[in-house]
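A, B, C and D are the chain letters, set down in written order, and residue numbers restart from 1 in every chain.
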Amino acid sequence: AINLQRTGRLGTYASSEGQEASMIGIGRAMGPEDVLFPTYREHGIYLAHGVTMTEILVYWGGNESGMNFANAQDDFPVSIPIATQVTHAAGAAFAFKYRKQQRAAVPVCGDGATSKGDFYEGLNAAGVWNLPCVFAVINNQWAISLPRSKQSACETMAQKAIAAGIPGEQVDGNDVVAVYDRFSKALDKARSGGGPTLIEPLTYRMRDHTTADDARRYRSDEELNQHKALDPIKRLKTYLLAQNAWSEQQDQALMVEIQAAIEVSVKEYLDTPPREPHTIFDCLYETLPRAYAGQADSLRALGETNNG
Amino acid sequence: AINLQRTGRLGTYASSEGQEASMIGIGRAMGPEDVLFPTYREHGIYLAHGVTMTEILVYWGGNESGMNFANAQDDFPVSIPIATQVTHAAGAAFAFKYRKQQRAAVPVCGDGATSKGDFYEGLNAAGVWNLPCVFAVINNQWAISLPRSKQSACETMAQKAIAAGIPGEQVDGNDVVAVYDRFSKALDKARSGGGPTLIEPLTYRMRDHTTADDARRYRSDEELNQHKALDPIKRLKTYLLAQNAWSEQQDQALMVEIQAAIEVSVKEYLDTPPREPHTIFDCLYETLPRAYAGQADSLRALGETNNG
Amino acid sequence: MAELTLLDAVNRALAHELAADENVVLLGEDIGLNGGVFRATDGLQDRFGAGRVVDTPLAESLIAGMTIGMAAQGLRPVAEIQFMGFIYPALDQIINHASRLRTRTRGRLSCPMVLRAPFGGGIHAPEHHSESTESMFAHIPGLRVVIPSSPARAYGLLLASIRDPDPVIFLEPKRVYRMLKQEVVDDGEALPLDVCFTVRPGGDITLVSWGAMMHETLQAAERMEGEGIDCEVIDVATIKPLDMETILESVQRTGRCVIIHEAVRTAGFGAEIAANLAEDGLMSLFAPVVRVTGYDTVMPLHQLEHVYMPGTDRICAAVRQTMAYT
Amino acid sequence: MAELTLLDAVNRALAHELAADENVVLLGEDIGLNGGVFRATDGLQDRFGAGRVVDTPLAESLIAGMTIGMAAQGLRPVAEIQFMGFIYPALDQIINHASRLRTRTRGRLSCPMVLRAPFGGGIHAPEHHSESTESMFAHIPGLRVVIPSSPARAYGLLLASIRDPDPVIFLEPKRVYRMLKQEVVDDGEALPLDVCFTVRPGGDITLVSWGAMMHETLQAAERMEGEGIDCEVIDVATIKPLDMETILESVQRTGRCVIIHEAVRTAGFGAEIAANLAEDGLMSLFAPVVRVTGYDTVMPLHQLEHVYMPGTDRICAAVRQTMAYT
């Protein structure tokens, strides 16, 4: 687990620092048959579920090809419009049930996303049809600059499940073992027809919301430092070392290994050429309608020299 | 109360039969300073809050002028897009709080409306800002053909309040005194800064969803007959008669009075001439932009003879 | 061979696809036991079961969002939005996801779904029940927007839409639902998408319309014939992607064009057709391209609904005005 | 007198109205302490308090719906939608309520609100952050849709929008936010709504645009001058209601018109302008009306964003092509 976790951590961007245990715990609990519906922050879950670091880099590098996964064929692309993926997951779960497949849908969203209608509508639907859905609300205490306390007066995000008549629970999101355990059980339950569960891993966003953000504008160093102490990686390492299940040598070796893996991915990513301009018409429809053929041709004509 | 209640009942269309106690209880609990945000079924609340039977008839007769209330100046027009009015109420409540006014907003919706994102978003906002809102979820057991049980797995609609961190309760919606009492207390609390409450009056839709609907397609006579016995008007009458607070003579007198009142309103409504065609441009903007003057003029030119 | 209303035709097409493809699933509000508020799905739950004709909770964004998840899993969801006036909560899902799931994943996932919605005025429905906002959908890349105007086209185009591998917004002119009957063979034969239908050949002027307005347009063409004006009438049918070739070919012959739609004028879809004529057909135009449309107002309640709706009088006036140019 | 970016100008206009009218309340996501993700509301919460510059939960339909309730109570809410790509959940509230509250109540209630949203591409933003769907809003009766293209117009038009008694969708071209600085007097002087601005007089051809594309359009006009073509350039600014008079007057002089916008071509707002020319200006047109627009594709991620965006090359080519007609 630690290997994957660290790989996860280093594979993900800084902006999910602090949430590695939640991500890897969820990703490892999921089976290859389960389907992920993530946001822009769930790199660790993607990696643990078979998406490659290179693919993630290619997408965030500005090329849709990164979302054309080699593995994890059914996983949804990053959902940037907050909470919209929750209803997609309900639809996929409906399909699993319709086909009597033992699979679960895993919509992942943040604490901020719980304020949006789509979150609630999807949750309510899962309750109505007893869908194989495990809702992950990764509560990292912040939605950009809005603290959890101002997002909802609901005592816990887990309690939002009551409104949909489904079970909800909190878990220590910085304890990878606990997260893995709770999600594994909820997923087994969902796959075997036991219905949906909402799980709220409690964790913390250690970095700025994104590289475009400056969290110092709205949150204190004190708060940040308190959470530094709870770093899930340090925590796991300390534990494993105490258990003699892990050694500093192994740790160094792992760091080297990871460094190498990252360099490979980064190189693969950097070696990925941008797509040809006219390819923006490729996947618009299964076959491009005549009405747009002219536009695509003119673009093909312009070719590389295109300056708009 | 009974007078208004019966007026309410007879003033409203058949489609709110069975819900008179909920409507009048809410309408009478509201003060003139409070603002109503109703759906298409809350005729009884409108009447109890100062909207006239004639205005309601004019609106449902196909003329917007019916929503230009002589009294109840701040009440919102009928909201047909389900649950949208809940967020309007949150906005008005925000304004009351902003201006330190002792007023409350009363969004009214049905059991079906609770499945919609807007219902939840408005509820959550009221919790976050502790807004002076009293949410009425009139649970008449049906949303057109969908029974309450298929709308949500939530045990009670009142419990949906938990997701927003606000108090929620059920009340016997066929007991006008109980409804009046619970709403009065919740409204006092809201006006005095005590925050929002969700109240779920439990009642039953005795008629088809609307005149365009045929409920026999989806619900049994057995079910209907069970509820006939619980008719809120009969119930109140029996009670008042037993208390010697009401007599058959008074009852007959009242029926006559009501009959007369209705005939007056119906006549007023029928005597209301349709508006001139060009008036469809009147209230589009405060002053009609030049861009549309030509269209309005051409319509004025066509005048009454307009056949499109 | 049977005499069907547009509503019957929709029902037959849905039944045909439910029977033909077990991946087809219907979902929406009150479509089950109730058979839909217009009865478009009447009897289908009885016949195909509550597992395939599914009543949803009251939530349009949920309905659209679910169809995306279902479609990505290979189902062929056909969702009903009870009235077009209630489709807007679903727009986010349509714009940001359904229409671009294929693009966003470079073809790995796709979204073969149909969203059906009755639209348009003329039946004295309550507020918010009578608008026509098809042009908003025509502005969304990756979508198809299909509008039948007759029972036969409703049957054939709905079959084609359900079988189409990409998302389709299928708008049903509710004023036509029970307006007329037509011989329709329930043989599973689809009609082509992405093409206009020339329903009346003519040499003097081209009238372009779609949906319910096709009927006023054809009536106007009849009337004009009495005045010796020979109108060609085109039913656009698929407004996105738009088959301008057929329209251009016609206007190049007639040199005159009137576009008729019920939607509000400004940024209505008539503008797109007129703009294409101004760019690619200008040199063959003898007369201005006139749009006969709804006014730029909120759809009035039913007492003044007829005032808003373009009628044959306004269409005929536009035709005469256009013919006056020499 | 100060040198301001468009972003500064928006900030000044908001501050001016907050100071001038206590009914003005700002609400949106992250607009408080954080000053908005683009810093448009920077410092305003400090200055006017958390009661008047309000951070909302993450819910756009709520934001729009609340502004309706607030506005009906006489407040002047100015809401920020963080990016136009997230405005769609609010569309239902805009179409079915905000735009028609006055009509629905025959003037008893009104909705003086402003919804601000950054829009458009060119800043290498993530997916869903770069679209331009202004034409959808232009199709909604009862709305105003205002798009500034410069700091001065952002200041003057935002003041006018906040003071306007009806709902305004105020779209800010985020590519221009920090692109240039301009002398702007923070004197509370509003600019007129509902009129186009002729920013460059010329006699040979009329170029019509709005928002960020005004800059490519003006560059193209410069280039064309080098080729001896004298371009008149019009900034539409308020796309709804549309001031066709100014555009028609110009085209009647030049006989030629090219319309430039970043939005997708089909059913983009350029179509409405071209359609009006085809109806009311046809007889003065020497050449086809050409639209230079974004392609009918999903906005690509940033590696190919420049491919989608119309640039000066495409505009100049259109101008030359149009001038070629004699």
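One rule holds for everything that comes next: a contact is a pair of C-beta atoms (placed from the backbone, for glycine too) under 8 Å apart; a residue touches a chain by one contact, two chains touch by 3 or more.
On a predicted model such as this, the values are computed, not experimentally measured, just so you know.
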Original post:
Smallest number of touch links from chain C to reach chain D?
Top reply: 1
Original post:
What is the distance in Å between the mean C-alpha positions of chain B and chain D?
Top reply: 39
**OP:** Give, as an integer number of Å, the spacing between the C-alpha centres of chain B and chain A.
**Re:** 43
Subject >> Rounded Å distance between chain B and chain C, as computed from the means of their C-alpha atoms >> reply: 35
Original post:
What are the residues of chain B that contact at least two other chains?
Top reply: 64, 81, 115-118, 121, 124, 128, 150-152, 284, 291-292
Original post:
What parts of chain D, by residue number, touch at least two of the other chains?
Top reply: 57, 59, 61-62, 85, 88-89, 92, 96, 103-104, 127-128, 141-142, 241-242, 296-298
Original post:
With chains as vertices joined when they touch, what's the shape: line, ring, star, complete or other?
Top reply: complete
Original post:
Inside the complex, what are the residues of chain B that reach chain D?
Top reply: 35, 37, 64-65, 67-69, 73-74, 76-77, 79, 81, 84, 86-96, 98, 105, 117-118, 121-122, 124-125, 128, 282-286, 289-292
**OP:** Quick one: which bits of chain C touch chain B in the complex? Just the residue numbers, please.
**Re:** 29-30, 32-35, 37, 55, 57-62, 85-86, 88-89, 124, 126-129, 216, 265, 295-298, 300-314
Original post:
Any idea which chain C residues touch chain D in the complex?
Top reply: 61, 85, 88-89, 91-92, 95-96, 99-100, 103-104, 127-128, 133, 135-136, 138-142, 240-242, 263-264, 266-272, 274-275, 277-280, 282-283, 285, 287-291, 296-298
**OP:** Would you tell me which residues of chain D are touching chain B in their complex?
**Re:** 25, 51, 56-57, 59, 61-62, 64-75, 77, 89, 92-93, 96-97, 101-110, 141-142, 165-166, 194, 241-245
**OP:** Spell out the part of chain A that touches chain B in their complex, as residue ranges.
**Re:** 115-118, 120-121, 124, 127-128, 130, 150-155, 159-160, 162-166
